[in-house]
Amino acid sequence: MFEAVAFYLFAALTIVMFTITVMTSQALYALTAMAAGMIFISAFFFILGADFLGAIQIIVYTGAVMALYAFGMMFFDTTRNVIEKRNNPRFVVILGGLAAVLVVLIVLAPIVTTDLNAHYPIDTSVGNSQAIGMVLFTKYLVPFEVAAVMLLVAMIAGIVLAGKKMDKSLTLMADEEIALMHALSHDTTEEKGGH
Amino acid sequence: MQEHILSILIFFPALAAMLGFVVHKDSAKAYGITVAGIEFFLSLWLWHIYDPMTSGMQFMEMAPLVSAFGINYMVGIDGISLFIIILSAFFTLIGILSLTETRRVKDLILTLLFLEMTMIGVFSALDAIVFYVFWELSLVPMLYIIGAWGGPLRIYASVKFFLYTFTGSLVMLVGMLFMAYFYYQATGQWSFSLLEWYRLILPVNYQMWLFAAFFLGFAIKVPMFPFHTWLPYAHGQAPTIGSVILAAILLKMGTYAFVRFSLPLFPDATVAFMFPIAILAIIMIIYGAMVAYAQEDIKQVVAYSSISHMGVIILGTFALNVEGISGSVFLMIAHGVVSGALFLLVGVIYDRRHTKLMSEFGGLASVMPRYATIFGIMMMASVGLPLTINFVGEFLSLLGFYKQSHSYTLVAGTAIIVGAIYMLSAYKKAFFGPVTKEENKHLKDLNKTELYGLVPLVVIAIWLGVYPKPVLEPINNSVEAIVQLMHDKAQTPEAQKRIPNLAKTGTMNSVQEAH
Amino acid sequence: MEIYLYTALFSPLVGSLITALFGASRKTYFTGILASGLLFASFVSSLILLTYVMAGHTVHVEMMTWIATGDLYIPFGFVVDQVSVTMMMVVTTVSTVVHIYSIGYMSHDKGFNRFFSYLSAFVFSMMVLVMSDNFLGLFIGWEGVGLCSWLLIGFWYHKESATWAANEAFIMNRIADLAMLIGIFMIYWNLGSLQYDVVFAHISSLPMPIITWIGIFLFIGAMGKSAQFPLHTWLADAMEGPTPVSALIHAATMVTAGVYLVVRANPIYSEIPDVGNAIASLGAFVAMFAATMALVNRDMKRIIAYSTLSQLGYMFVAAGLGAYWVALFHLMAHAFFKALLFLGAGNVMHAMHDELDPFKMGGLKTSMKWTWILMTLASVALAGIYPLAGFFSKDLILEVAFVEQHYILYTVLLLTAGMTAFYSFRLVALIFHGDKRHLEHGIHPHEAYTFMLYAMAPLAILAVIAGMVFKTPYYQMVTQLLPAVQYHIHNHTTFWIMTIGTQLFVILAIAYAYKKYAKAVKVDKKVESGFFYQLLYNQYYIPKIYDEVFSKPYLQLSKLAWKQIDLRIVDATVDGIANIIYQTGEKTHTMQDGNLSSMLRWMVIGVVVLLVLAVAFTAGYNAVNLRAM
Amino acid sequence: MELTLNHYLVLSAVLFAIGLIGVMRRKNLLMLFFATEILLNAVNVGMAAISHYRGDYTGQMFAFFIIAIAASEVAVGLGLLIVWYKRTGKIDLDQMTSMRG
């Protein structure tokens, strides 16, 4: 009973938050609403007994990802309303709705009913985090390592892309130099844009 | 060496072509002639060591390629493929010998050598995948020859040639994969070996589908009506050497594949499809001849005449008895020799006048008597005069099909009438009458290079017309094996009735003692 | 004896090949003499073989295997028996004469060497035709003579009419050859062999319809070569060739090949008398039909050609009625006098500078005395006046028709005999008697070379004596192979009335021709513009009808097949399919507008489509499975 | 009222649809990234639910890896976004048409 109440509550909240994320024209609202939605999602994980996943969700999404977005937004002018050209909004909604209806149709009428056997059955004797650890570092060790490398690569890539000219430190540069550098970079962009 | 003769035959030209990249372009022709000459003598040696009394495969070689799926490099020849291989080597040699092209000769010769590899590969492959690989590879050099040395419409023609035939062969590939899958289902083992497929008796409805898939690939290559329209463009735009190889060898791949694949693998489907295909063949014969009659360009006349003759070959193949199939295999060789020669001859006049329109000629017989004589002999061979090479094939093909249907043969027999009509009228337009055009008055007769190419063809056309036995005998023995195999595999009563049983002799031939 | 057989057969081939080597080089009499000499060798060998055969032997050799596959076995086999030796004699005699004659006739022609090459090749083909011991060997010769006929009719290839006639002859013969091939196929699949001896020994074991069809198909083949209606038009057009060719090919030898085939296949035709009657009726019809066309024609060679056609009709009447030896006998006699007639016409043509219209000649007997005598002799023989060859052979056919009680045929043939006499002497009268009309055209005729006249002499002698001298020995020899039936009218009164009646009728016709044409030629405008005259003069409009009904529509249809069907339908469909694919790309490439947003939309549309498919397929799968349960 | 797997799957589908609408609707690249995050999360819910109801850790494992991938994607994506913004001063999708076919 408690679970059901929690489910419906969080479901409603998540849906509302995500709808705001999708619909609002204020970038900050969107960011905030999504952060909230992420946290509400983690609630489902807790309800489902995937405690570790819930924690990860909060840490990674609301912690890391949202922070990244927040930093990223600093580059852009986020105070203004985001002006977007819309063509055929009804079409978009219909298409999205259609996709949802179809997916629902598939899940509500589970057509192939053969039971799947559990590959890695849930061991109730130990806690969720421990069990996750057991599986992750045995069966999924290689993917785990690959994911780690991938994160490393992503990190380096993010740094390199966002922070070119790392050899130059603005704090150590004279103001003229900075102005010159900006002017130069601006010129190149002009040229690029001209193509 | 003897046990690897086929691999040597297949890969020697290709290796030589690769080495040929370092040859200086002035000596490229000499190099090409040497390589093609060695290859031709090797093929003659192959004939020499071939045992004509054995009906099965000889000089078999096998090396595993993908053993998990039973794909092996497997080659071998019998009487049916032997002569087409010799013909391939021969025409490559003749083609290079009589080459008059001046643009990028070295590239052309190397391309021809690659083409030679693919042709010999197709005719000696005994593994479906190897066959398919060579089959598709043969498109590439031809595409290059048409596209690089062709006439004004060469890009259109070469792309059409490539895409059209490629589409067909993809369907054929699907058929081959299905066939292998059925083999897997039946035996629990993967195999693409043709000889193992021969042993498999498929259910009739499977045979129908597989036959149709293979048919599409082969029919486009032949080309059968209504899949023939790439041919006139390809011939019209190809340089002389391209047309010669295309008509003499590449078209034969289709008919050869019918004999090698469709007939022994799907005997019941073959019988079921016999009459529809015979109708197509008859359309090819008559329609091809009519369209040839309407042409204004002499090369197109020869091109459409190929369609007409290929109709007779198809008809003979689907006669499903020894006479018809032997005849059709013999006609493949005959048509190769004759149409190759005719294309060479058209090339001769094109080199001199840079036009192929018959209205531009007229009265050539008095200006170029030797040319007119050789053209006349080849024309008569094409018309199927007795004692020329074509007659033996045409006669046997029609004779064979007469056993299956009297009325169809009567209609198909009009080939000898309509064939005479377009050939004679074309000859009349180009060679007879007064010399009207000033440019034609001082044309040079055949020179030595051209004679080197043409005289051997004339000799073969008459020699095999008078004495076909050395070729016909090995063909006959191999064909008998195929027909017997088909009879043994036949399941439907219709097929059992249509395909003769050679094992019990003397049923029909009550007058055997006369021999 | 085999050596003589091979000599007889191959010396013309050797002659042809050697002269062919000189084909493109300058004219040299050496080629003509060599070819003639080799033919003479062939003639001598044939003569030796004839004596051998007359002694009651036959020669049968198998040179080598030609085609052997499956159950089919065809050798190059040759047989010299009573029938083929007769033909060999005819062929070698006439062709030797024609060869020698041609040395003179063609002496001014550029293609002299080429001509002898073709002519000898023809003789070789003809020898293969008559000597072969199987149907396919016969077919080789059959096609070979067709080829040589094509080459020789179109010998003057710069003339449009000559090449056209050559092609017409070849193609028309091919139509008949198809029927012949079908006949051969039927024989093979029913009897398993094509050897004459095997086929004839077993033919009677076949069911009646099959024998009938074999007979019909073979006869259609014979119709083409022997120019029987409706495949007759090529023969008159074939006169475009040099005259010696007309003499050899289109009078004496090739055109009689059809008769030879029927005679050779007599065991088949004996089984099917109904077909025989049809052949005889067609023969009688053609005899009459051709003779009527000859009555009014104004082309010397064409008149003789129609006369040939008419005589071929006679032969078919005999062959159709089962009198095979009579047919062969008339074939032989006809070959002699008709070749003579043609060679005479050649002399006239030479003198007249290739003029062919006899109405522009006249009075030539003074300047061309010997030619006049020879041609008159040939015409008398053709008309069938006693004691020349025609009387013994042609009147015999009339008797056959009478004895076999085919009175209609008899009447037709009798009338035709009258017409034959009339047109033959109309020609002789117009050419050799009356005013010298040719002087108006500035032509001064001269007699042919003496050696040409000497060359013609053997034919003249044969035309005179062939009937009288040869009939009995010939009959004794040939009936060892052919059915020996003596056609005698037992009632003596009837016999004499008939013989004398026929002779009188013919003589009257000759007299009428002389009366009408020997003095002055009066052109009767009213008759000439009449329907019948025009009908006959235009050869019953048949060439025109063929042109309109077959040639032109075929060309039109061919053009249609190419331009409309091939380019507009078949090729257009292929290009259409390619175009659809190309256009689809062309149209949909706007989808790739580089706008991520629209790409995302497309992606979602794709997802939706896939989902729909998933639902639909699973639903369908379940529906099937549920029904199965 | 007992919760079943279907409840979660329906929720997942609904969230996914919201994400899809966002993906299609947004022209601002940053907002588009938000929408993709929603998509990934929607799937994660489904994964976790299946994992729970089937009694199998595989689902959770996948959700776990999805989170990892999402994190990397944000890092790289934002980096690219910043570079782009530096060059052009805009992050509007309609302007990014250099991949026009």
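Read from first to last, the chains carry the letters A, B, C and D; within each, the first residue is number 1.
Going forward, a residue touches a chain if its C-beta (ideal position, glycine included) is under 8 Å from a C-beta of that chain, and two chains touch if they have at least 3 such contacts.
Note that the structure is predicted; figures quoted are calculated from it, not measured.
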item	value
By mean Cα position, the chain sitting nearest the middle	B
Centre distance in Å when subunit A and subunit D are each reduced to the mean of their C-alpha atoms	6
Inter-centroid spacing, subunit C versus subunit B (mean Cα positions, whole Å)	36
Inter-centroid spacing, subunit B versus subunit A (mean Cα positions, whole Å)	65
Whole-Å gap separating subunit B and subunit D, where each centre is the average of the chain's CA atoms	60
Residues of subunit B whose C-beta touches two or more other chains	none
Touching two or more other chains - residue numbers and ranges from subunit C	601, 604, 607
Two or more partner chains touched - positions in subunit A	92, 95-96, 99, 103
Chain pairs that touch, as defined at the top of this document	A-C, A-D, B-C, C-D
Subunit C residues within the subunit D interface of the complex	589-597, 600-601, 604, 607
Complex contacts: residues of subunit C adjacent to subunit A	601, 604-605, 607-608, 611-612, 614-615, 618-619, 621-622
Of all residues in subunit A, those that touch subunit C in their complex	92, 95-96, 98-99, 102-103, 105-106, 111-112
Complex contacts: residues of subunit A adjacent to subunit D	1, 3-4, 7, 11, 14-15, 18-19, 21-22, 27, 30-31, 34, 37-38, 41, 44-45, 48-50, 52-53, 56-57, 60-61, 64-65, 68-69, 72-73, 75-76, 82, 84-86, 89, 92-93, 95-97, 99-100, 103-104, 107-108, 116, 118-122, 131-132, 135-136, 139-140, 143, 147, 150-151, 153-155, 157-162, 164, 185, 189, 192-193
In the complex with subunit A, residue positions of subunit D that touch it	1-3, 6-22, 24-28, 30-31, 33-35, 37-38, 41, 44-45, 48-49, 51-52, 54-58, 60-61, 63-65, 67-76, 78-83, 85-89, 91-92, 94
